[in-house]
């Protein structure tokens, strides 16, 4: 039996069905992300685990014990909020020690744990400061230390990095992951940022309209999306229409240009099917390792910094392709006739 | 003489020097971005052009006329704000027509212009709605239409996309650029998002601590940063220390491994120099087109979606390298011994 | 039931005890003028009293004047303080709270000293002049409520950005005030006006000391000399209050751009 | 000078005319008891009056009791409404504004009707019972100010998230209230307490009708019978007000975690 076991969880607000038949088994020490757009039910699910919301039905078992009827302060769960939620009237050390003080632990133990926690978050000298004297990134690290100081069974993080600047966000997500691995604490992380979820998680739960659409490791989620929603939400995607010419060999035509996928397609000849290609699997010009190609003219070129996004117009449809920018190579000009190459193995096929 | 001419612009708040000797000449129809971290003076500069702040010294000439002593409502400048700033008590059509109504234009002309503007922002049917009934993206498009309806000489945008979701941000920046090109309006765009600045602008002004550190087109800014700040702020960078062995041929050693840059270095043999390499110019394994390489072991692997970031430990220093993720290839494992290859032309050299 | 719920209900019960019981007691008492049965005799007596009509319409007129003067003085001031003098806000807020803590009696003494018949501006010499003084006094009394209401209204909109947006579109100060600011804080102004109305209608000290025929002194006199009529009057005052409240709700509903919370 | 500046100064000038002039007039007058020269005779006369001391200390005691009762009732209620019943907020806010618009006289009539000597709870029969009624009345009068102050304080902190953070750390309701909520709204509570103090000290109608020896009726009686002493009393009241204000400022400064605006 898993360490955290959520079965048949349902939540209604009035007649609105916000979480639908949610099932998840989390192993001890795992880092799980709930990823989805706002309003998809990810935060509601997390809050049901924390005890701030009551499920309409279903069970939540932590370490074998059903916690649905326990109050939040009885669940021994550490929680980190988007808004930091440090107590403004307490110092950093008092904030971190708050949970232990409430539990009535002796003063020496509290001091020792606070010192240890300040070390873990690399702010050993800031114990005497008040929250308003800290930067956003420091405040969130203190919030993490406070949640971990009570040695919780479960750590829950609700979009903890959304309020921070881009550069701090990147460094803090590495730090959170490192601390989580070091302490081996089972963690659920809620985010709408696919890069965060992909870079931090052991497994990701992609949610949409209250439903867990796919559960899997980052590589699988990105490269083998189970549903159209997952494919569109995680990463960028070219969605193209093609017509099947020979289902057995996987021969199709895309805007009149033939492509041979070299694998059978589950559709009749003459049927229309949908193709999905990620911009980074496409390249300008022929390459030895690719076995598919399309010809078109450059529609526009966007310089995004490390990446150059070129949109190539075929006969009606447009494909976007990403390539790394190199100082030596100037980008192609709009209107140039170009060849786009790709590996047919990277082409995802869905029914039209 | 340029269409917008800013010369020797200075701004003090009390004793704080927020804008220092700012000079810029903008041609008619150009799209200029002010890019920099918060507090760098970019918004203050924009607000001085709009007339909401008074310069401590210097001149701002629009179409040959010094506007420093004109009040904001006499400057004929269109402005779009981060917070949309639509008038909540007026409908979309009334908002767009507000400037013309204030100017006392006849009703028929106002109606005609409003209809035209609603068409340009692709919201022809929403004229009767109130702002609170629109999504954030729609509100910002209405704000753009309102600013353009008065046919301003200059369009100023102050972080217009910061309050919006990631996907809407990308689509709206393309739309703003398209409208700007179509109307040929001279535009200044303030942002802290390098991708926005790089993808939209004709030229970028990178600002830091009140100073314009570099002015140039996106490609130049990214590939040939003039200062250390620009190099660090725009894009990601590996900063490495190396020791010169032969300045004439550009031979250096990096953590004991020899590299030959094939160009003279302005330093003595035995001196320490700084190298800068963008992660996307590095690749795993040998490649035919590269002439430099380093050996190391994989420290960690971050899966960011389209990009896989691998950090490789040399003998003390760490380099990060980006490669596109392909479904066929599983990422390298931590601890693997790998070779990192790069083109020596991509290595930026600075003094140690 | 969770213990937390009990707290909430307890608090509500205390509230009801404080407000509802005295009110119900008053209503019940006001209906008992005729011995043995409930009747509206007390109300009939009050409403047919010509003095009631005279003092009440005088106070209503003064209240409306106070509201107009208050809006004209306070709305631009509050707007200006928010826009250009944000550092002065605590000071201005403190000044607007002064009328709550300086007894009205000080104000009246001051006015009488400054504007008596032998002064440079003998306002107390004529009825019109005294009314003007009373109006000034009422405006001061209404200041805290009016200012707070207007300031709360201004807080719900982004004053600075809306002003700048209007300026960049060519609008001057009067246009901005009349077309952008006032329409957006109309509901807040109305709620301030409603409080002002209620305060002026019930005010006693200023009117009594300046010897004007207002509703407040009439209420006190009646309260000292009659039994059932004051209760009826209190109920009537209360009803007027609720009617005003309903009116504000109605106006809020009718404003299209605030139909849904933003 | 820009025309906009002139507006601002005009507004300030109007404010000064309203407040400063009456106050200066009162102060000047209070010093003229001795013919021909300025003296503190009026102050000496007031301060040496045993009735002044008795009524003033009675009112101070009542004010402090009102503050304690008010905080105990209002702080948890306002917290609870913000946390769990946000949809009830307009209703609760309306209820707390009622005391401003229901004349105190209605309240007193109700109380006297409900708790007279022949009722089930004959509070008016004893001095202690009447004091209890007076306290209840004062708490109602103070309700709008106290509730607004506490609610403003609660608005500056993220009540819901702080509560959830404390809960997840194992804290119960009493711990959350005492260790997190109250310390963070202490300044707001003090400002509400200060207003309450000022209102109770100056209150007249309730104390007079319940016939308690409070400061308000003493002030009115003195005002009707003497010339210079009321002015001196008004100045003293005003000085106390300012002292309270200074005290609050001091407390705010001493609170370490609010030294810098967040």
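Lettered A, B, C and D in written order, each chain numbered from 1.
By our rule, a residue touches a chain if its C-beta (ideal position, glycine included) is under 8 Å from a C-beta of that chain, and two chains touch if they have at least 3 such contacts.
Computed from a predicted model, the values in this text were never measured in an experiment.
Chemist: Note the shortest touch-path length, in steps, from chain B to chain D.
Modeler: 2
Chemist: Out of curiosity, which chains are bumping into both chain A and chain D?
Modeler: Common neighbours, chain A/chain D: none found.
Chemist: Give me the two chains with the most inter-chain contact pairs.
Modeler: C-D
Chemist: How many angstrom between the C-alpha centroids of chain C and chain A?
Modeler: Measuring from centre to centre gives 55 Å for this pair.
Chemist: What whole-Å value do you get for the distance between chain B and chain C if each is reduced to the mean of its CA atoms?
Modeler: About 53 Å separates the centre of chain B from that of chain C.
Chemist: What whole-number Å value describes the gap between the mean CA coordinates of chain C and chain D?
Modeler: Measuring from centre to centre gives 19 Å for this pair.
Chemist: When the C-alpha atoms of chain A and chain B are each averaged to a single point, how far apart are the two points in Å?
Modeler: Spacing between the chain centres: roughly 26 Å.
Chemist: If a residue has to touch 2 or more other chains to count, which residues of chain D qualify?
Modeler: none
Chemist: For chain A, give me the residues that contact two or more of the other chains.
Modeler: In chain A, nothing touches at least two other chains.
Chemist: State the interface residues of chain A toward chain D in the complex, per the touch definition above.
Modeler: Per the stated touch rule, the residues are 50-52, 71-79, 81, 83, 85-90, 98-99, 102-103, 130-133, 143, 146-147, 150.
Chemist: What residues of chain A sit close enough to touch chain B in their complex?
Modeler: 38, 166, 174, 193-195, 198-199, 218-219, 222-224, 234-236, 278-281, 302-307, 309, 322, 324-328, 330-331, 343, 345-346
Chemist: Please output the residues of chain D touching chain A within their complex, sorted ascending.
Modeler: The touching residues are 157-158, 161-162, 164-172, 175, 179-180, 183-184, 255-258, 260, 262.
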